[in-house]
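Pasting the structures in now, so scroll down.
What follows is a pair of complexes built around chain A, which joins chain B in one and chain C in the other.
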Partner chain A sequence: MSLDLKNVTKRVGADTHIHETSLRFEDGSFNILLGTTLSGKTSLMQLMAGLDRPSSGEVWFADRNVTGIPVQKRNVSMVYQQFINYPNFSVYENIASPLRVAGMAQAEIDKRVQQAADLLRLGPMLKRRPSELSGGQQQRTAIARALVKDSDMILLDEPLANLDYKLREELRDELPKLFAGRNCIVVYATTEPTEALLFGGNTVLLHEGRVTQFGPTSAIYRRPADLTSAQVFSDPPINTAKVMKKGDQITLENKVTWRAPKAARVPDGAYTIAIRPHHITPMQQGREASTIEGRVLVTELSGSESVVHFDMNGQTWVSQSHGIHPFEVGVTAKLFVDVDQGFFFDGENRLIGAAA
Partner chain B sequence: MNKTVNQKAWFFVLPVVLLVAFNAIIPLMTVVNFSVQETFGDNMFFWAGVRWFEQVLQSERFHAALGRQILFTAIVLLIEIPLGLAIALTMPRKGPWVSVCLVLMALPLLIPWNVVGAMWNIFALPDIGLLGRLINGLGIEYNYTRQIFSAWFTMVLMDVWHWTSLVVLLCYAGLVSIPDAYYQAAKVDGARPWAVFRYIQLPKLKYVLTIAILLRFMDSFMIYTEAVVLTGGGPGNATTFLSIDLQKIALGQFDLGPAGAMSIIYFLIILFFSWLFYTLMMKDEAR
Partner chain C sequence: MKRVPWLVPTLYILFLLLPIYWLINMSFKTTNEILGSFTLWPRNFTLDNYVKIFTDPTWYNGYINSITYVLINMVLSIVVALPAAYAFSRYRFLGDKHLFFWLLTNRMAPAAVFALPFLQLYSAVGLFDTPIAVALAHTLFNIPLAVWILEGFMSGVPKELDETAYVDGYSFWGFFFKIFVPTIAAGIGVAAFFCFMFSWVELLLAKTLTSVAAKPIAATMTRTASTSGYELGLLAAAGTLTIVPGAIVIYFVRNYIAKGFALGRV
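Coming up: the complex of A and B.
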């Protein structure tokens, strides 16, 4: 069974929350909605789930138009950023609640709840109340409740955002395994590009209520369709500059010239070039790397990585590299740019050339 | 773990100790002082032991006032808590009507208590009051200065009008703080409105309701101003609650000993019930 959004829009008063969108999610697929806060991830999920009606357009499930059908008749489940459980039910009753509403026999409920609890390692907690659990366990309970009823579609709205680092990593590793082998559509909303890359699957890039790109995660990371998509799918933020290409040279606004990338077939003219932070490094990477100079604004050193923010012609650029490179604030740093990895966008911000 | 001993810590506690001493303990001690002594004019005191306490606890007058007080508080709580919760549930969560509703709800709380009494006194007068005229006009004999039932009816109505808003505002604040996601999750599960109320809203309102019940219990158990202005404890002694009775003994008859003893008993009753409510409502958490 697949989910089809056909030209759906969502308007509230004078605001457009979702611009015309068409998407198709296949049965058994893992789909990520990636975008910043207020980009429309939650609105889009509510349209998919049937919690909200689109202002125009249709939602199809398998071969059925489900546009007006409310969520409780659609066999979907949802997990939220907040840990949503019934406060005065035990973990067991919480997980069992969708089955009870469905009127399932007690023996079957027992079996299914036990299965789901084992899967999420909640076995010893079944008698406790949500308030007696850690945040991670509360969210596991909510996920177990979503899994227990064999939904056709499971929607997860930033489920890991409220967890602390350790628990987040732990659940992040487990999630794909939980969904593997299930014949349901998984939709996972997140603000973090890294999370999308870790999960793989398909990614929908969202920006201000518009889907800017949809496709297999690694493919759209390697070939963003336009500048906005490249910006949404980059953390730290992607570096951009206006450039002129002529022959085998490209010139930046501050007269710095770089060698034009060989692989990309880009005709001469004016472009916006976008370079991911990890393609700008303090160490020379290739044989003939182009260089750039800028005044250092901030240097963030994590255990094994340096993120250097520097001023490039009035814009803040970011370099991300392995190793510790303690640039002092205010000094002029010379950095190497791997131009071959850059993306060229035309006057309408469409992708013209990228590394092969 | 070893605890470090640091005498300087006393200085940090001192301001609180002084504050509590001046606003609670010292005034209470003056009452204790009266309650265990026979007081004559010209500041002459004679030790009386627990005589006044025995006298108060054995007096039928006290039993009657206490009975009236408990009945009044019970009626008022049984009406105001469910009514307040019901009104809060029907109030809008978003939009321009929110502030209108909130202001309308807060109005009764902003009126001085003696004014509330005076308003209802006039409002319910059988000959010129709007409410009194209306009820009598319906063919029901109603006169709160003569009939016991009418007096109680007016008293309860006045208290409900005056204080239900407090319960509404507390419950409303509690309801607004429940994240939307809870309602969505219930919808996804296919839960009915009753289930949403029973399993989401009510448990989430537990603390707020505890506070509301405690506040309304304490305030209604100590009702004085409105009742004095409305009925003055009458007709007869029909609406003479504990506080009114206490005032009559202390300042009407100037029996300082029994009044002191009664104050302390009164205080302990309120303390006991407050503790009882709190413990019962929080019992689940302690498991």
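Coming up: the complex of A and C.
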């Protein structure tokens, strides 16, 4: 059973929340919606679930047009960023809730709730109220409720965003195992590119209500279709600059020249080059590395990693590298750029050349 | 000088409790003792005043009447305000903000303004001197208040809770009664309390819209004072009994009152 969005749009008053979008999610696939806050992830999920009707277009599920069918008749589950549980129900009743509504026999409910609770390590908590649980346990309860009925589609809207660091990592490791072997479509919304890379699967890049790219996660990370996609799928933000390419040299606006990348076959002309922060480092990586100089604005040291923000010809560029490189604010830093890893985008911001 | 942090609060509380103490004190005295001498506690302790209230129908009917219209009013106000507050809290519609504010402006007019139209209207439709008349009149003030309080409590519940219930398969009404109402039970309690408070102490409309059959206790008290001389002990006992229901209701919602005064927005 697959989910098909066919030219769906969502308008609210004069605002367009979702521009015309067509997507197809296959049965058993793990799909990530990646985009910043207000990029339309939640709106798109509501259309998929049937919590909201598209302004135009159709939603198909397993060769059936379900556009006008309410969520109650769709067999989907949903987990939200806030820990949403019924406060007046025990954890057991919270997990059992979809089964109760479906009118399942008590013995079967018992069995399934126990299974789901064991899977999410909620066994000893079943008699408690959600308010008596930690944040992580509350979110586990919500996930257990989503898993307990055999839904055709599970939607997770930034489920880890409100958890603290340790719990987030823990649950992030568990999530793929929970969905493995289930015949359902998983849709996972997140603002963090790292999460998308960790989960793999397919990724939908969203920007201002538009799908900019959809495909296998690693493939679209390596070949962003356009500049926006590259920007959405990069954290810290990707560095961009206008360049002129001529022969085996590229010239930046501030007259700095780099050698042209070898692999990418890019004809001469004007481009926007985009380089991920971890390809700009304080240490020379290759023999023919190009260099760049800029005034250091901020240096963030996080134990094993240094993130240096520096001024490059009026723009803020970011370098991300292993090890501790304590650049002082205000000094002019010399950094090495791995031009071979850069992306070239043309005047309409479409990808022309990328690292092989 | 040694600091005595408890002194000022204690004096203040004594000051607040003094009239209540004096009322209770008087209720156990005979009228002669009250008028004849100044005594800090009853010299001739008597329960006669209370016995009279609980045995004389002209007295206890006053309580029954008051409680009847207060209860009718509470139920009406909450039943009407629940869906209204839900709409204000969950949906955006044309003029919603203006309508919401307009509701509150209803409370800004003095009750006296409405006394005459209500009297004329209820007489015409045969509701005059019934508990329903008073209950309906009080909804004019209580429904807006209840809508405001409930809207505050409802807006504190994320709309994702609604959606989760729909995803689980609940119909709207199933969700509303099985999940939403229990979730905002405290808010309903507070709203009911404020309706009770207003309706229980409101005198002008209650007095205007009733004559004999549905006379509220507050009206009974004032009329007795004017007809059968000074029965101060009896009045004090009636006054004491009037405080009791309020005190009981406050006890149940004591933890949520502050939020109620902020109309649920804390």
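In this text, the second predicted complex is superposed on the first by the 356 of 356 C-alpha atoms of A that agree within 3 Å, B and C clash if a C-alpha of one lies under 4 Å from a C-alpha of the other, contacts with A are read in each partner's own complex, and residues count from 1 in each chain.
Note that a residue touches a chain if its C-beta (ideal position, glycine included) is under 8 Å from a C-beta of that chain, and two chains touch if they have at least 3 such contacts.
What you see is a predicted model; the values in this text were computed from it and never measured.
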item	value
Fit or clash - chain C, chain B, common chain A	clash
A:98 touches, of chain B and chain C: first, second, both or neither?	both
Chain B versus chain C as contact partner of A:86, first or second or both or neither	both
Touching partner for A:239 - first (chain B), second (chain C), both, neither	neither
First, second, both or neither for A:49, with chain B first and chain C second	both
Which superposed partner A:78 touches (first chain B, second chain C, both, neither)	both
Chain A positions touched by chain B in one structure and by chain C in the second	46, 49, 51, 70-72, 76-78, 80, 82, 84, 86-89, 97-98, 101-102
In the complex with chain A, residue positions of chain B that touch it	179, 181-182, 184-185, 187-191, 199-200, 203-204, 284-285
Contact footprint of chain C on chain A as seen in their complex	46, 49, 51, 70-72, 76-78, 80, 82, 84, 86-89, 97-98, 101-102, 142, 145
Complex contact set, residues of chain C against chain A	158, 160-161, 163-171, 174, 179, 182-183, 185
Chain B-facing residues of chain A, complex	46, 49, 51, 70-73, 76-78, 80-82, 84, 86-89, 97-98, 101-102, 131
